[in-house]
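Okay, so subunit A shows up in both of these, paired with subunit B first and subunit C after.
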Partner chain A sequence: MLEIKNLHARSEDREILRGINLSVGAGEVHAIMGPNGSGKSTLAHVLAGREDYEVTEGEILYEGKDLLGMEIEERAAEGVFLAYQYPVEISGVSNKYFLKAALNAIRKYHGHPLVSRAEFVELLKENIKLLGMDKNMMDRSVNEGFSGGEKKRNEILQMAMLQPKLAILDETDSGLDIDALKVVADGVNSLRSPERAIIVVTHYQRLLDYIVPDYVHVLAEGKIVRSGDKSLALELEDKGYAFLQTDSEPATAN
Partner chain B sequence: MPSENALLEEFAQREYQHGFVTDIEADAIAPGLSEDVVRLISGKKNEPEWLLQWRLKAYRHWLTMEEPKWHNVKYPAIDYQESIYYSAPKQQVKLNSLDEVNPRLLETYEKLGIPLEEQKALAGVAVDAVFDSVSITTTYREALEKHGVIFGPFSEAVHRYPELVKKYLGSVIPYSDNFFAALNSAVFSDGSFCYIPKGVRCPLELSTYFRINAQNTGQFERTLIIAEEGSYVSYLEGCTAPKRDENQLHAAVVELVAMEDAQIKYSTVQNWYPGDANGKGGIYNFVTKRGACRGDNSKISWTQVETGSAITWKYPSVILQGDNSVGEFYSVAVTANHQQADTGSKMIHIGKNTKSTIISKGISAGVGQNNYRGQVKVMKGATNARNFSQCDSLLIGDRCGAHTFPYIEVRNSTAKVEHEASTSKVGEDQIYYLRQRGLPTEDAVNMIVNGFCKEVYDVLPMEFAVEARKLLSVSLEGSVG
Partner chain C sequence: MIATEVNSFQQQSAQFQQQQLATSPNWLRDLRRRGLDRFVQLGIPTTREEDWRLTNLAFLAGRPFEITSPDLTATFGVEELVQRATLDEDFHRLVFVNGHYADQWSTHHELPAGTVVENLSTSIRNSSEATGKRLGLQAEDEQTSFVALNAAFLHDGARIDVPADTVVERAIHLIFLAVGEGQTAQHPRNLITLAKNSRATVIESYFGGEGEDYFTNAVTEVELAEAADLDHHKLQHEERSAVHLATTQIHQQAHSRFRSHYFSFGGSIARNELNCVLDGEKIECTLNGLYMPKGDQLMDCRTRIDHTKPHCNSYEMYKCILDDRARGVFNGKIFVHQDAQKTDAKQSNQSLLLSDDAIINTKPQLEIYADDVRCTHGATIGELDEQAIYYLRSRGIPADLARTMLIFAFANDVVQGVEVPAVRKHLEAVLLSDRGLPDV
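Moving on, here comes the complex of A and B:
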């Protein structure tokens, strides 16, 4: 589903991604780990299309299409979803209103009929239940006054509502206590499907106990230095990222 | 005094410069302002002597006044002798079809969902006989008359209800109040007169659309609304369609009087021609609006959505005379491209237990400059006064400006006055987030802006609220990216 070839990207003054190669297939869960500043979040945002980052080299094929040539909203409509590490607040716009507008924007893009009120309410009810959220939160402004955990849950709720093909979770576990983590992980797991690919960006191995990955890649200094299966994550937890220095060699994933 | 022929020629030439087809009537007067012009205007309307005298007193007073300079908006000096102060309605330029109208204007009408016939009327296209606006107006007036509600042109009220007009004209805004009020008082063209009798809750929302010749009232509109004891009226002024006018200065005066237990709700949507993308042309909207809560327990609410005009300069205010009276001001003011606004409200607390609320939302884009200027004054005898003011500014892009000038004067120690202000930028982050959920940039900005304005939209009459959202998105087109 996703082919990243020799991706180089910079922000303002420095190069952050220095030749990323990664392949992600439908139905797979890939974890991206690495020390601070390695470029994990940058990779997530470059996939989403954030304009602060300039891609200087390389290409990204999403379902065979040139992802880098697509606008942010186009990528979203084609099924790319980013669960933000720091979701923004949007005052005066209710969660309900925003979700419906997003859903319809995507439907409109595909020439599908817009979602009816009844359909939307049903869909929302189901997913709120799935994530153990309070339905009153839907009338509040997007992320306004939400705790860290509630914000992360809201991201997964949106994912459940928009049903993306490629979901990228950017440090979804940061700031979550164990219980919140479990709820979020359950939500993500329920969205696993043979048609869907999930990339989980995380610092810590802990999340991966709940969202068990098929592949783990370690990003360091803008490159993937090591790839493996879920046991790699356990190894990292045990030894830390430093052990990779001795053992490093730019590798292509898969 | 030049011959009639010479005058007509001069007028014809002036119109030609703008490329329109002219339709000349014998009713033209030369540009310029003098006592003769004031007499002429009054004469054309067959006004009673007392009104002519009032105009003349205003004119003479105006001559002694100096144009105020404390505002935070810039504009080239106005030559008061250059305007034409009287223009017979028939003089309005008539185009032959919509094809002759600026396509951008038509595009805007389409976006605002204005029906074709209305588009013609607004653009100055000769309207088909089939579209009978007069019959619509008649039905409306009949419904009102059943309840004893008077609603019609000011010029008509002068003849039909002179006692009422005489009693209240200038009672809230005397001609000496300010430079533009004096000018208006001298040369006002026409406007609305509205009277709600005791205990009557006006059954319909009064809309200026239903007033005869709504679009021809000209630059110096004069409106007077009187709500007797226990009455209620909701009045809607303006329309969302952009209107062009040859005359640049629009100095209207609106006076509201609310007696005991009465309520007046006055809503405005203003979208006058804002000037082109380079800041040329555009209307100066210099308005004096004030409501007097004369009776106990009375309430006056001003709600405005100002998206047009090159310069908007107005402070709809409320004088809280009656005990327990309430004043409210809800505003959204947009300055995009080169527009400027200096707007806000004054709440003067005089009676006991009076309450006022000011919610002002300013949106700046392009190189627009938005100023909030508010005054909350609590007089010595105003025991237990309460005020809450919130002025929020939203900046779109990095070349616009938002400025706040709050004035708070409290002379009674039992008063509670709260002022909150916030300035925010439409965050790149917010737009990114919304785009990542599938919303194109324009939609994202509109969503954020409408969310910002929600508090004001919530108090707008429903039809205006729907129009206001559309209007804001049209006004902000091209402001991002």
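Moving on, here comes the complex of A and C:
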């Protein structure tokens, strides 16, 4: 589903991604780990289409199409979803209006019939229940006054409502206590499907106990230096990122 | 100050006093004369005065604005304006055309015992002495040019008197309409007096006939006795070529509560001044405003809150959305007097610039003479939040809709602070047609 070839990206004067190669197939869960500053979040944002990062080399194929040539809203409509590490608060726009606007914008893009108010409310109720959220939150402004945990849950709620094909979770576990973590993980796991690919960007191994990955890749200084299965994550937890320094060439991830 | 500047006003005044001779008590003629003298003395403010630096009204000198006679047979277009202005048939409603009370368009519902909602010239006729004493209580001492000019031409407006321990459930809606040919002027004077422990809701609406070129100079005096509660709204929908000047003076006694909601959409130049004196302990004063100049409009919002005694709270939130080549001005003054310990004053002014040519000038002004207070003020000027736009787009929402959502959200914030459903609905409709949130 996703093929990243030799991706280089910079922010202002700094080159952050220095040649990323990654293939993600439908139905797979990939974890991307790495020390601070390795470029994990940058990779997530470049996939989503953030304009502050400049891609200087390489290409990204999403379902065979050139992802880098697509606008942000196009990528979203084509099924790319980034769950943010720090979701923005948007005062004055209700969660409800926002979700309906997003849902119907995507349907419109595909020429599908728009969801009616009644259908929308039903769908929303189901998903709110799934994530153990308070339905009153939906009338409040997007993320306004939400705790860290509630914001993260709101991201997963959006994912459940929009049903993306490629979901990228950017440090979804940061700032969550164990209970919130379980709820978020359950939500993500319920969205696993053979048609869907999930990339989990995380610093700590803990989340991967709940969202068990098929593949684990380690990012360091803008490159993937090691790839393996879930046991790699455990090895990292045990030894820390330092042990990777001994590797002299970057691995090509698959 | 050049004598010729105020000539046309002096002539108008002489004519006016002559017309009113038969029906005006002595005190009123004196009040008008004092007003004119003061206006002549002060003249039209020039841009050399700090408070008028950004709002140039020099052109008023040359304009032959006329005070119309209360001849209401020339009322073409009034019905349509009344319809546009009406918010709720359940409200008490006083309609004024070119500054004159028009009973045929007004609506009277039953009022609680002792409550008075009538037009000022009736009050002057029927309770001359009491009205005379009440007038100018708030406005006399600090007569600025235009308050003085309003006094010079004082004859009508609204008088609202609520006795102690009384709640007026229905809102009181004052509608000021300008119609007719030629350049007209109106100087309404409104008196709102709430006695101890009373409560009322007042709405002032200003509308004008299409294409009319007129001058509104309104003065509202508010007296809130101990524990009185007033919810006050102002909807400024003047015609695009009109000049709208308004001064509202509020005097609050202990434990009283005042909430002001100001919405400005019209006029070529609109300037609104709100001066509140908190003269007691445990007073609450909330001033909210939303002004949206576009085209070549100039909107100037001034507020002043005097904390003279301890333990009072004031809260101010003014938002401005500017487009095209519009200009906005905000000056929020807060004076915390020496005795006003434990004052809690918050002031916030936010502006959204939607075009490169729009200009906003904002000046928060805090003078604090007490040492145990909490005063915060913030002024932000910006464009739409890029992070928010990005977030919305990353969920599939097209950039245009994302921008519309954020602009609406910015303005809607102030609208949602209005507690009267009919007023809120009206404002939501105005916002929607202007900066609409489409059905999604």
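Here is the rule we go by: the second predicted complex is superposed on the first by the 253 of 254 C-alpha atoms of A that agree within 3 Å, B and C clash if a C-alpha of one lies under 4 Å from a C-alpha of the other, contacts with A are read in each partner's own complex, and residues count from 1 in each chain.
What we mean here is this: a contact is a pair of C-beta atoms (placed from the backbone, for glycine too) under 8 Å apart; a residue touches a chain by one contact, two chains touch by 3 or more.
It should be emphasised that the depicted structure is a prediction, and the values quoted were computed from it without experimental measurement.
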Where does A:Val184 make contact in the superposed view: on subunit B (first), on subunit C (second), on both, or on neither?
neither
In the superposed arrangement, which partner chain does A:Leu236 touch: subunit B (first), subunit C (second), both, or neither?
neither
Under the stated touch criterion, which partner chain does A:Met138 make contact with: subunit B (first), subunit C (second), both, or neither?
neither
Of the partners subunit B and subunit C, which touch A:Lys100 in the superposed model: first, second, both, neither?
second
Subunit A positions within both the subunit B interface and the subunit C interface are 48-51, 71-73, 75-77, 82, 84, 87-88, 90-93, 98, 101-102, 105-106, 109, 141, 158, 162
For subunit A, which residues count as touching subunit C in their complex?
48-51, 71-73, 75-77, 82, 84, 87-88, 90-93, 97-98, 100-102, 104-106, 109, 141, 158, 162
Touching residues (chain side subunit C, partner subunit A) in the complex:
385, 387-388, 390-399, 401, 405-406, 408-410, 412-413, 437, 440
Under the definition above, what is the set of subunit A residues touching subunit B in their complex?
48-52, 71-73, 75-77, 81-82, 84, 87-88, 90-93, 98, 101-103, 105-106, 109, 141, 158, 162
Complex contacts: residues of subunit B adjacent to subunit A:
427-430, 432-441, 443, 447-448, 450-455
